[in-house]
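The structure under discussion appears below in the form of structure tokens.
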Amino acid sequence: MLTDLEIAQKAELKEIDEVASSVSIPDKHLRRYGKHVAKISHQYLSELQDRPDGKLVLVTAISPTSAGEGKTTTSVGLAMALNIIGNKSFVTLREPSVGPIMGIKGGAAGGGYSQVLPMEEINLHFTGDFHAISLAHNLLSAVIDAHIKFDNELRIDPAQLYWPRTMDMNDRALRQIIVGLGGSANGYPREDSFVITAASEIMAIVCLSKNLVDLKERLAKIIVGRSYDGEFITVNDLNVQGAMATLLKDVLDPNLVQTIEGTPAFVHGGPFANIAHGTNTLTATKMALKLSDYVITEAGFGADLGAQKFLDFVCPVGGLNPSAVVLVASIRALKLNGGASKKDIREEDLSALEQGFENLKVHFENI
Amino acid sequence: MLTDLEIAQKAELKEIDEVASSVSIPDKHLRRYGKHVAKISHQYLSELQDRPDGKLVLVTAISPTSAGEGKTTTSVGLAMALNIIGNKSFVTLREPSVGPIMGIKGGAAGGGYSQVLPMEEINLHFTGDFHAISLAHNLLSAVIDAHIKFDNELRIDPAQLYWPRTMDMNDRALRQIIVGLGGSANGYPREDSFVITAASEIMAIVCLSKNLVDLKERLAKIIVGRSYDGEFITVNDLNVQGAMATLLKDVLDPNLVQTIEGTPAFVHGGPFANIAHGTNTLTATKMALKLSDYVITEAGFGADLGAQKFLDFVCPVGGLNPSAVVLVASIRALKLNGGASKKDIREEDLSALEQGFENLKVHFENI
Amino acid sequence: MLTDLEIAQKAELKEIDEVASSVSIPDKHLRRYGKHVAKISHQYLSELQDRPDGKLVLVTAISPTSAGEGKTTTSVGLAMALNIIGNKSFVTLREPSVGPIMGIKGGAAGGGYSQVLPMEEINLHFTGDFHAISLAHNLLSAVIDAHIKFDNELRIDPAQLYWPRTMDMNDRALRQIIVGLGGSANGYPREDSFVITAASEIMAIVCLSKNLVDLKERLAKIIVGRSYDGEFITVNDLNVQGAMATLLKDVLDPNLVQTIEGTPAFVHGGPFANIAHGTNTLTATKMALKLSDYVITEAGFGADLGAQKFLDFVCPVGGLNPSAVVLVASIRALKLNGGASKKDIREEDLSALEQGFENLKVHFENI
Amino acid sequence: MLTDLEIAQKAELKEIDEVASSVSIPDKHLRRYGKHVAKISHQYLSELQDRPDGKLVLVTAISPTSAGEGKTTTSVGLAMALNIIGNKSFVTLREPSVGPIMGIKGGAAGGGYSQVLPMEEINLHFTGDFHAISLAHNLLSAVIDAHIKFDNELRIDPAQLYWPRTMDMNDRALRQIIVGLGGSANGYPREDSFVITAASEIMAIVCLSKNLVDLKERLAKIIVGRSYDGEFITVNDLNVQGAMATLLKDVLDPNLVQTIEGTPAFVHGGPFANIAHGTNTLTATKMALKLSDYVITEAGFGADLGAQKFLDFVCPVGGLNPSAVVLVASIRALKLNGGASKKDIREEDLSALEQGFENLKVHFENI
């Protein structure tokens, strides 16, 4: 059996121009990153306002297990299947972090014959979205410390800062640090931490922002800490939203790639589902809805977390109206949820499987 | 008088394909980043081996002043002038850091009617080279701390580590930090620091590497610290060079842009001239030499530092053989070196000017 | 009404020789600290082995309140009363910390006409017991870090150290610190903390040790942390018990003072009742039992904590056999335990008082 | 040959009362610490004002060597000799640190048959002077951090604090630390350090203070740092001098001990000679001058440092007027200063000896 990587490497990809024209995206809105990746200007969405939306299908799953559940694979496969039977379909997914990929997990672009490609580009730097978000995030961090160092006009209390630093890297040594050492030239020491870029508040903001104006407004409202007087300090107080938005200007544009069968796919935005809302950018989903009959999207973690956030938060905020929900429940995940141990997961175990259906039932009822 | 930005925005740029074909770069070696930026595969250089080299002109300057000296402007202007009088010319420059740009300095792409464009892309994330270098650098940092935490088989002495972390940001609070706090789950506390990406050893390595094999070999030789027994620990000992090189694979490809008059320009690699060698990648310069009659390149800081490193280190290492050296000496820089104060720099001051010629004389003699 | 301090200053004290001879302590066992304080050699106890013990009375209280409960005042008063009616009596109390005294709390030597004196000496450096314990404690801390720095033969894991540093000072800034900074000359950085001397394990050990041999054995058994291999590291492994015991050699000798009426009192040892056993040294209590008919001693906190530890731990370890327990329940403490607020505590509040009796009842039943 | 310790242990000491009465110190000014140590009230000095001073002899030495120079041994021996030939003599010396004693150096109470005794008491906690100074020092440190934490009314800049913490222990891990970690309950993190008690500014102050009023005034003038506005912050601003003086009240009283032949000796105060003035308390020297014909005192380090500070600073400040200076120059020290290596120091080496006289000559000329 071929590995995911081997399958990916054997795949014959269309040029991205061909994928774009298959859904009639005009060339002027296309910004190429090599032959198989392009950003589509988020401003294109406003030109599409009068078109009707396609149907939105949410893919979610039963309780997550360490073996993975197959949401991405199902989403990609479903989009390809709808396409083959004559519908125009689109799949919209989250971008993977580089950091964790270098570590434990495999990529986050599906598997087997149900992948989005080009795998390597998507899994490495891709179109630089995560890098830009990291830099905008850390620019704010640097400005906060510089403000405190240089007279601290806003009276920011260094002991009440909520804004960490970020890096797209699973680096435990940076989880709890002290910054600002080395004497007064480097400012005031304080306890700080690095979070992974997917956990940056800016990642969540990017996924919800309609355009640069909206982005700047949302950035301006970020609360970075409190003053000595107990009042909230916002990005607006520091007046950094403009510089941050400049660094983020290309990040709002959805990244167009394709499935292994050439179905168009947006892979755009990657907020964590536990601390944020866990779905790709609204812009990508909304643009895909204008460009196709069916859009398959997925929400992170199990239905209780990801689907709930999608249905109760993302949909109202973005004006989305899903037509169907797919609840993925692989035999393997059912058995694990039913009490089977991971090492015996390849053995037949009907009892664990039956127990696992309890989990499925509750998720089903919730939806 | 128009500002640099206004001039840049008014400029009508050729599509990057047109720039590439003006020097006959085949499409298959072109990787587009939008309409006006492309990476040229570094492997293209080997196809060009049999062509004769053009002439190499080094632009350097008298002792640097806070007002800038005009090396980049001269380099760009010279390339454009040579082009207009009928020569095929190329200019090769260093990539600017994002971080410092957000802070104090203006961009590093020339000025007035002597710029390389598109200004905004070059000055912001460009083709992601700095991001990739940062990530590869920090991957190594994370692996070092993880190695120490998990049994430390190599007996790395945490008090004798030379490998910092890096960020493309002028962030004083990160200059001296403590990492690894928060109990044993996060490893062992140690004093650490962040350097700016331009100061990363990987930046220097990238600028000297011929191809991925060479890059990997150079990465493997990096000394990260010492063991408790006093022996050097290298990247090879940690066996991370492969993962680092994967993150760096596109970084070796020169970034093709154009001057305001459409002359081809490589803006590629940006090591500091004080702690490293301070010139763009060897690959960019060597490829440009194969593609044109004249290649104008610049070296950072004054002639005593930048030109000396170029002539005595970069040229022998890269097999370069400069045909001419341009020594930039603006009236303003001469006056400042002659003792004039920066605030009176617009006043006529023949005495300071005369004094400044002493500086010019020494640089001239040295070369 | 006179303050405690005024009463203390007006009191006419006996010379400590007179107090000592009132209970027939031979001069050779007396080590004077000024006119009103002396240490009695702990070795004197062995000379007294054949004498019968007096009766031991434990003073405890209902649940502690912020207003204090009056255990010390009751203990001192009871000893004085027994003395006046013709019994030879002794009171044995804990030594107060200097640090907290300079801060919030008043001294810990009783109040009003029921004090032990000389107040100032007892409340300040006294006979240096806390200083010696601090120094012995910190000697061990210094040896641990020095051992790790110099080759770490025992393979001590700096992330698994349980031994803090100590200071007889309420200093919040020292509660969580990082030590060992400044490069390898100062060792390896690690997270550390200072505890108050009363919380030092050595304080508890001193209060239980019979003599220098016993002390050294107990010190040797202190577990300071774990090795990289998970094994416990003891003081014995570091072989510091001898040096520590040298610093502690006078600490074992009970401190003789007097009540305001000249009744002999031992004020000796001061372990916290929450984290340790909360009573004065066994040596002081046992020596007092040999020297008088009645010994009044107290245990820290409420009966559920202090008395329980005294009866179930201190008595079996020390071979003590209390004849009576006094349960102190002031009207004020009853009212506070009954729900009265501290600011209205001087108002009559029979309902709160009645409620407070519930608290008394449970403590009574427990004993 | 007997060791210093064996000689000390065999010595038959006079009771301290006998030593005191040999120089007619009235009992009321005597505060005993066991049988062989006493503090003499510093107030006794004012009763002695009308008596004429004895002659003051300063003992200094050639450049210090790692083998020691013998100043203390010479001082003690000289005092004993003067006594034997019928003069009333006194020796005044510095108190040794406990910390360093536990570490490298031997005690600081002379050697051979020229010691002050009781050795063990002097070398360990003695009369608690160092402990009291440590505590007063650290009280100020704690108050500074608490002040900053609680609203920082004085606007103290935590990055401009000059007041370290102190411990009477050679503990490298405390040389450079970070305090105030653990969140805002513990204040604001800052870089701090522990110095050894002998290096505390309070040690120097104690050695110069005439009485409690003078002490309090000197403490009040200590500069602990600067405000955000660049102004000096003093102890007076924090109003801690009273509490500090309370902790130091007994420290002003000279410690009376005896030489191995019963000659009276004050061992009192121990400031470093490199960073402070390096001689025992003025009070001890001045009181000794009132009580005897000859007072032998020593100054730390070589004549260029210790004697110079003594003659040019301590004498004018204290109104002292030395009658003679003894310049100690052992053969061993001469040889080491003449270039002999320490390991061959027991070999005859007339050439090195001759060279060493150069050193002696310069010190001699200076004095």
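Residue numbering begins at 1 within each chain, and the chains themselves are lettered A, B, C and D in the order written.
Everything that follows uses one rule, which is that contacts are C-beta pairs under 8 Å (C-beta built on N, C-alpha and C of every residue); 3 or more make two chains touch, one makes a residue touch a chain.
None of the values given here were measured: they were computed from a predicted structure.
When the interfaces A-D and A-B are ranked by C-beta pairs in contact, the top one is A-B. For the pair subunit A and subunit B, the distance between mean C-alpha positions equals 32 Å.
Mean C-alpha position of subunit A lies 68 Å from that of subunit D.
Multi-chain contact residues, meaning those touching two or more other chains, occur in subunit C at positions 178, 181, 187, 191. Contacts between chains close into a ring here, every chain touching precisely two others. The set of touching chain pairs reads A-B, A-D, B-C, C-D, using the touch definition from the header.
Across the interface of their complex, subunit D is touched by residues 31-35, 98-99, 102, 124-125, 128, 131-132, 135, 138-139, 141-142, 145-146, 149, 165, 167-182, 185-187, 191-192, 243, 246-247, 250 of subunit C. Chain contact summary for the complex, subunit C toward subunit B: residues 151, 157-160, 178, 181, 183-184, 187-191.
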